[in-house]
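The block underneath contains the structure these notes are about, expressed in structure tokens.
Naming follows writing order (A, B and C), and every chain is counted from residue 1.
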């Protein structure tokens, strides 16, 4: 349970808010590389952390991320002309490069110095892992570029996507790091009690705080084995988790790891960046495999409203819940893992009212994440660096999802599996 | 005229508001029985008095009415699974019965006592008259179940429907208890001056306060007869009125009574429950008669947007006003009695600005209803019971709509007609 | 740059606001005459200066402009019946004439005096120039009727239209009186450097304050000639400008003058009234010419959403920007002069945040207009008449758009051209 004040402190992300200030200490994916295919191509609207921005790929292939409004008269830069290493406002022709420098100001006399005094707000970007990352915080506190095994994996071994979520980022994060709901929300075969994750609905949970957040083990026991899922929570809003190995016929042989980065669009909307990669150098992620996996997740190519990153199954159509399916085969009656999560998370309302929640023992991860977030907010208040801004803290971790002999400590049993090798 | 403060006091109905508190002292229809046809069928969203709820018919056929959000993590109960006398949240499997008791909590260890400490908010329900009634007030003040002749009439003699109104409940109530507008808004034959209600546009009005609200007589005189319409205002927002006997060819022979219950969805939207019943045990209400009557009212089966209780004729299309019809045949140019009312009531805006109204002598009923509502608000403030919560006060009243010899007192002339016989 | 307080003072127009009070000192076009074709025809909704009104043409052909809500019970007068020199509310039949007098009150007894005590709010109107002008200010301060050469020009020589703009009125005005953006936003042939207005992107600007606002000259020089555009800013939100003579083949021979009146609908929406007239008595404006000109402007008959004054090209479809066209031929990639302006003005947001703007020397007109508006606000605060309310101040001015020998003073060179002759 959180007081309304605590809830606001955790959930609000606009400029100047406590969480907004904390979020701005980390690199965040701002958009997918695929959204800016062409040098000098059309600019793209970007809204993150409550700020309206425009991204453009310049003549050199670098990505600029600037204020959505021209500093002259606040005309929209989205309609700008992307030309010769800069984006030109088409109202009076002012042109800015990716660093925010005004490189042309034709409405002023040629000898005017006004041009040197005006800049457009611009944020540093870093393209890696098929994503464009951005840093929206104070320049003097900018951390080194993001570094995950995902970003080092060969492009052939990686798949990245993004999905619009119509809810506050914390609902998305809390849904992601909560493993116990998979026994219900993601149980796609109610009758099949043989599936361990279905049979044991109250797994033992262990949470170990780390320099980047925590690592978390959910342990379900049966007979002589423990099914252990270890994932990493990387602050402020990322999850690295082991690949689900049982989602469909003949797919088990791809040794994939998975995860999400949740990026607040604003207080009430979130980008969910989804990724997976194969950690076996010999086995790439084929296009077909990636598409199959996305369909399984409920976000295959045809699941999106064309031209958008929004899903066709959404609150307006009740995610096309099938009550007959719900009676006979799945708990939710909703198809697609991602869709099941969205139905539940978006259904809480734009910002979940946590003053009326009742957390139990299965909510240990959520409680731990909130503690870490509050600690980090306090650290920033004191002028200290929050946990997890240094990429070297998390760059070599890897999640895992495996069976081990019952009763053995997973920390040692899985030690080698928990280290990145790319 | 009301001050803005008075207007707010009368119109706002959310939890904790004065009128919201008063409204919660009465049983209110929450939905139609037809919305929950099947035991263990799909749950239904219910929003009344500004509260988001979910109704479900359980295995025994009883109706539960509970909070729309699970007390665990605030997941939406609408997506819940209705199974074995309870609704199961599909996020982590918590299950609640119709009383709000948590009957299963699979995400906690089997020996946990947490289950006994968590309840979901649940309201008592009472199914009668093809409606599900609910009581949202303090348990210790719960009145006996609602009791009207309508509810005692045989199902074969009764017809009930509901319609969404895009305006505050008080506009709906005030429109209903105002009889003088029928000479204009509902005059469907301007040229026909022979119709008494058309010819006499300023009826004499008499209002008599009662233990449940008031009874009201509108008297139009011509030649040697008085046309008397007596209706009852039952607090806080009901009207029982005599059947209109002149609405179409060959229908006069059904001795029907009519009425509405207006239930606030929230401050700016209202459910209008409509009912009629035959008070002659020998004459049931046929399906055809009911459908004809609904079409006459502007809410026949095809008048609704499919799958909703909203009308196709609404503010977005100006109720398809026909200006040629308005010039030649009716004052409004709008078809359907219900639609005429909605055009005028919704057209006042979401909450009518009563600081700019000018009430006349024809507004006696409206003034009386407001007085009663203010008295009831004051009573609740003093910790007393408001008028009309005891069903025995109104259970035997009946409205009437008849001609009597001119100048005779309607109270004695119609005495026997004003008493229920079912 | 304006502080947020200054910006609010200039932009907010509702009743009781400083700018709302100032705006109400001037006659404003409320609607087009074509919207009220017929005597006793259907009434029309009018919203200006944040007030909801209804206009109707009465039996005599005069236009009434009254409150959108009946003073009795606030029923919507839009559904009223327009009959025999008055608009009758169809709720209880109260009827008002164009002056706001209640001329019938059938719901009250015939001898009631209530009718004489109730009025509906009504504003004086004046029909001229195919527009219905209204005065919403204090009766004792009502200025003489508006008087422009436009209004005196024969109907055959005039063309008037209106367009909905989804932004605050000041963005529209500032866009209109800013001439330097035409080199970019309206440059429809980037490659053609021969066009003087394209070649010289930083014109010399001269602003001369007048009794009605200012007159403004933008001067672009090349070789031995100065291309001079003189327009008039008439307070509070009008522009009279010379005809563009180069917009298409064979059209140069029509000696037309052009302009706009911007009328706030409310704080976030604006009516743009557009006009042109031929100032040569021998050359009328043909229907074809007017239609061609409207299409060139981006508001031809088929450019509107049918039944509205809203454009099909709008923010929802990004004004159908064509990025290929933008790369090769125009700066904006957007078709239609009007559409180009709307994309840029609406793209600033509903009310432009002027605390983050950076005005340069090309913004002289904008700075001058704001100064005049602030002066007028101060004058009204002191109880004095603001500039430009007396039509005799501006009734004889005329704009011009011509070449003169280089270096000659335009004031004397164009003196005769700047005087109205109709």
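Everything that follows uses one rule, which is that a contact is a pair of C-beta atoms (placed from the backbone, for glycine too) under 8 Å apart; a residue touches a chain by one contact, two chains touch by 3 or more.
Note that the structure is a prediction, hence the values are computed from the model and not measured.
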| field | Shared interface numbering between chain C and chain A [over half = same, under half = different] | value | different
| query | To lay chain A over its twin chain B by CA atoms, how big a turn is needed, in degrees to the nearest 5? | reply | 120
| Approximately how many whole Å separate the CA-defined centres of chain A and chain C? | 48
| said: By the touch rule stated above, which residues of chain A touch at least two different other chains? | reply: none
| remark: Residue set of chain B touching chain C in the complex reads 174, 178, 180-181, 183-185, 201-202, 318-319, 321, 323, 326-327, 331-334, 343-344, 347-349, 352-354, 356-363
| chain C partner contacts - residues on chain A that touch it in the complex | 40-42, 69, 71-76, 78-79, 81, 83, 88, 90-93, 105-110, 112, 114, 117-118
